[in-house]
Amino acid sequence: MTRGRLLALAVLAFLLVAPFLPMGGMQQYVLHVAIQIFIWSFIGQAWSLMGRFGLVSLGHGAFLGVGAYTTTLLWNFYSLTPWIGALLAVAAAVGIAVVLGIPCFRFRVIGHYFALVTLAVGEVIRLLIVAERDWTGGSLGASLKTAGTASGLWTLQFADKRVFYYASLVLFLAGLSVWDRVDRSMARPALEAIGEDETAAASVGIRVTRFKLGITVVSAGLTALGGVLYAQYMSYVNPDTLSGIGVSLKIVFAVVLGGMYSLMGPLVGTALTTALGEALRIAFGLKFLGMADTIYGLLLIIFIIFLPAGIYGSIREAIRRRDAGSEATPHAAAR
Amino acid sequence: MDPIFLVEAAINGILLGGVLALLALGLNLIFGVLDIVWIAYVDLVMLCMYAIYFFNVSFGWPIWAAGLVSLVLGALLGIAVHLLIISPILTSAPINQLLATGGLLFFLQSAATFLWTTDHRTVRLSLPSYEIAGIFLPATRIIPFAISILAVIALYFFLTRTYIGTAIRAVSQDREAMSLMGASPQRVYLVTSAVGGLMAGLAGALLIFQYSVHPFFGGQFGPLTFMICVLGGLGNMVGAFIASFIMSEIIAIGGVVISTEMGYVIAFVIFIVMMFVRPGGILAKRE
Amino acid sequence: MLELSQVTAGYGHFTALWDVSLRVAEGEAVAVVGPNGAGKTTLLRVISGLIAPRSGRIAFEGAELAGHPPHDIVAHGIAHVPEGRRLFPGLTVADNLKMGAFVPAARARYRESLERVYTLFPVLAERQGQRAGSMSGGEQQMLALGRALMSRPKIILLDEPSLGLAPVMVLRVFDLIRRVREEGYTILVVEQNVRQVLKLVDRAYLLEVGRLKMEGRAAELAEQDFVRKAYMGV
């Protein structure tokens, strides 16, 4: 067994028993933070399935919101179990992805243009949520109706945070698995080729629209699932935390910070941004409202300019280069 | 419903469309030349609006002087954004460029929250309202519209009759060929960014007539601006101009027929429908 | 006037030119011929600064220009008419020409240059207001040439002027180039149409797979058996 495998297993074992370790009264807080990290890493991972191939979506809040609100509203109004609700949520997100993806990909809407379209869609979803306030509670959000005595697996509501901890850990690991599968599949070189030069890829027979649509659908469905679990855990949904530019950008930021092209990048980035957020909250409380995001924004800009491969990606690159010895590639024409 | 309300709404739509056109054209100008979307564009407008507020309300400057400050600030911001953020990432992958301006959006909105809180700031303007055939037309809507149309015309002449304006159009059609003409790309980009920023400053000065400014102003008008640009075909100036009025009409009439909010919703839904059908925009995409 | 010494250049990992050395004297008309993919276009792009060479020197009237950006090289007096003309399709003929005079030295005298171009190419004067994108291939080539002249260059680089043109147009275009040459301009033309271009120039180089294989007076090259067989279809 390789050293890397052993390390991974050790970490996994630690994660599995962590909730039962003594934490001096901090347990609820630590679990809460861990759950946040796992869920948002999962969502970030889902986003990066598109992002790494050049399909930059700034509207993943749309899928997140659709996911969260579908299960919540179906439960609140129709007492529909979140398991079926989740299926419907994923179906809805996939539906949106397909309906918008097909014309976009067929008309070669790419790059900045594509990002702008996704951004607009994300905002439309947020606006629809706010507008339909009779159903959704508008900007005030909606609380998940408590299952009371029916709490448990069927209703996906648990009094014990530890259950959510394991649930989010499982989801996170599943996300890693999907990412890994895609990475090893035939789809990956195809999508990389498409990302580099669509026309060239099409001319060698790659079904561009089909591949792009495929990865978008996977990304959308997974993101919706993340939204579902988050809604179940928080027992509360709000259009600003779950849809719109804000959350969409936050997802992207975390992934880019950690490294978009690597398996663990989203986790690293999410962990860092969560830690930063918590640290700032503890240090300043509500006194410096907006300080955390100001720093996020500044960091994001600095990172993009100086460290585009993200923290994790850059460290990996540095290690690889040190091991292999580099070969300078000549610089082609400037813009 | 009394048809007079519909007519009034239609007219208000046109009046709003003028200012929206400024926003959309400014964004398109920059995209056409640089191939980069300034996601934080409307947040620059927000900054300019704050400037007007502080110069007028806090320092007591007359409103027209504060407006001039806005114009100058806009141009300076445009140049600053280009030099500090865009220039270093000109050759980066599109995602990095998007994230850089996205990060700027975040930064500006949060910094504004931190510095000036989320309170809405208004500039108190007491301007008359005119009544023509039962329709109320407040000066706070007519003046911005008139100025915006003048600005669009000025922009048109700038782009078609001046040397640097023609150069800007040339660069947006073929950047490499333009460098073979002896044009330093950096110079053209700077001028374009300054003009785009100037338009943002002007838009801010016009918007302050009717709207209050707060840190998330960009969230109010940003997505709308983006949608207008996409609807008109990103990079297409004529398309953006037309789309501005289409969207503003839908918002105005929908607002009166159902509710203000639904007006926006309908406009956005129509946008989505257009995306199914013609994601390239109502007019063809930029050549 | 123009001298390349052992220039090596390429794109990314790919090398398109190996150790290329050539000269163009003032007043000369020189051609670089060779098959598709030989590196001819790369050669011109290196001279005009669109690509930086990996090694070697490019001297123009004594000044070392390798690695300089395009707008600087144009200011030195090198005009490049790129492959496919690369006109500004949405701009009128007049505007395209005006853009050619972007460099400050040229812009100060642009009216004078414009008059000269219109005299040389009366068709352009007639169609001043026409959108460049709507012109025929031959007219576009004329406009591209005129645009290059607007920068008041000392040497004009022409990349495949006959590309995409009907045979009749090709003759017309070479005629135009001849006229420009007669005005006293130095010319470096890169061409696939070997027969036509050898009639036009004084000297020629043969470029194959990135290396210069041959050099000589145009008439001599035209006589070479293998040149005739391989490139002139004889």
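Residue numbering begins at 1 within each chain, and the chains themselves are lettered A, B and C in the order written.
Heads up, the rule we're going with is that a contact is a pair of C-beta atoms (placed from the backbone, for glycine too) under 8 Å apart; a residue touches a chain by one contact, two chains touch by 3 or more.
Treat the numbers as computed from the prediction; the structure is a model and nothing was measured.
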- Task: Mind having a look at which chain is the central one, using mean CA positions?
- Result: B
- Message: Suppose chain centres are the mean of their C-alpha atoms. Which chain sits farthest from subunit B?
- Response: C
- Message: Looking at chain pairs A-B and B-C, which one is connected by more C-beta pairs in contact?
- Response: A-B
- Item | Distance between the centres, which are taken as Cα means, of subunit C and subunit A, whole angstrom | 52
- Starting from the mean Cα coordinates of subunit A and subunit B, work out the distance between those two points in Å. 31
- Please work out the Cα centroid separation of subunit B and subunit C, and write it as a whole number of Å. 43
- Contacts with two or more other chains occur in subunit C at residues 50, 69
- Item | Numbers and ranges of subunit A residues touching at least 2 other chains | 334
- subunit B residues touching 2+ other chains are 185
- Which residues of subunit B touch subunit C in their complex? 163, 166-167, 169-170, 173-174, 176-185, 287
- The subunit C residues in contact with subunit B across the complex are 48, 50, 69-71, 74-75, 79-80, 82, 86-91, 95, 98-100, 102-103, 106-107, 133, 147, 151
- subunit B contact footprint on subunit A (complex, rising order): 51, 54, 56, 58, 99-100, 103-104, 107, 109, 111-113, 115-117, 119-121, 123-124, 127-128, 130-131, 244-246, 249, 252-253, 256, 260, 288-294, 296-301, 304-305, 308, 334-335
- So in the complex, which bits of subunit B are touching subunit A? 31, 35-37, 39, 85, 88-100, 102-114, 117-118, 175, 185, 215, 219, 222-223, 226-227, 229-230, 234, 261-262, 264-265, 268-269, 271-272, 275-280
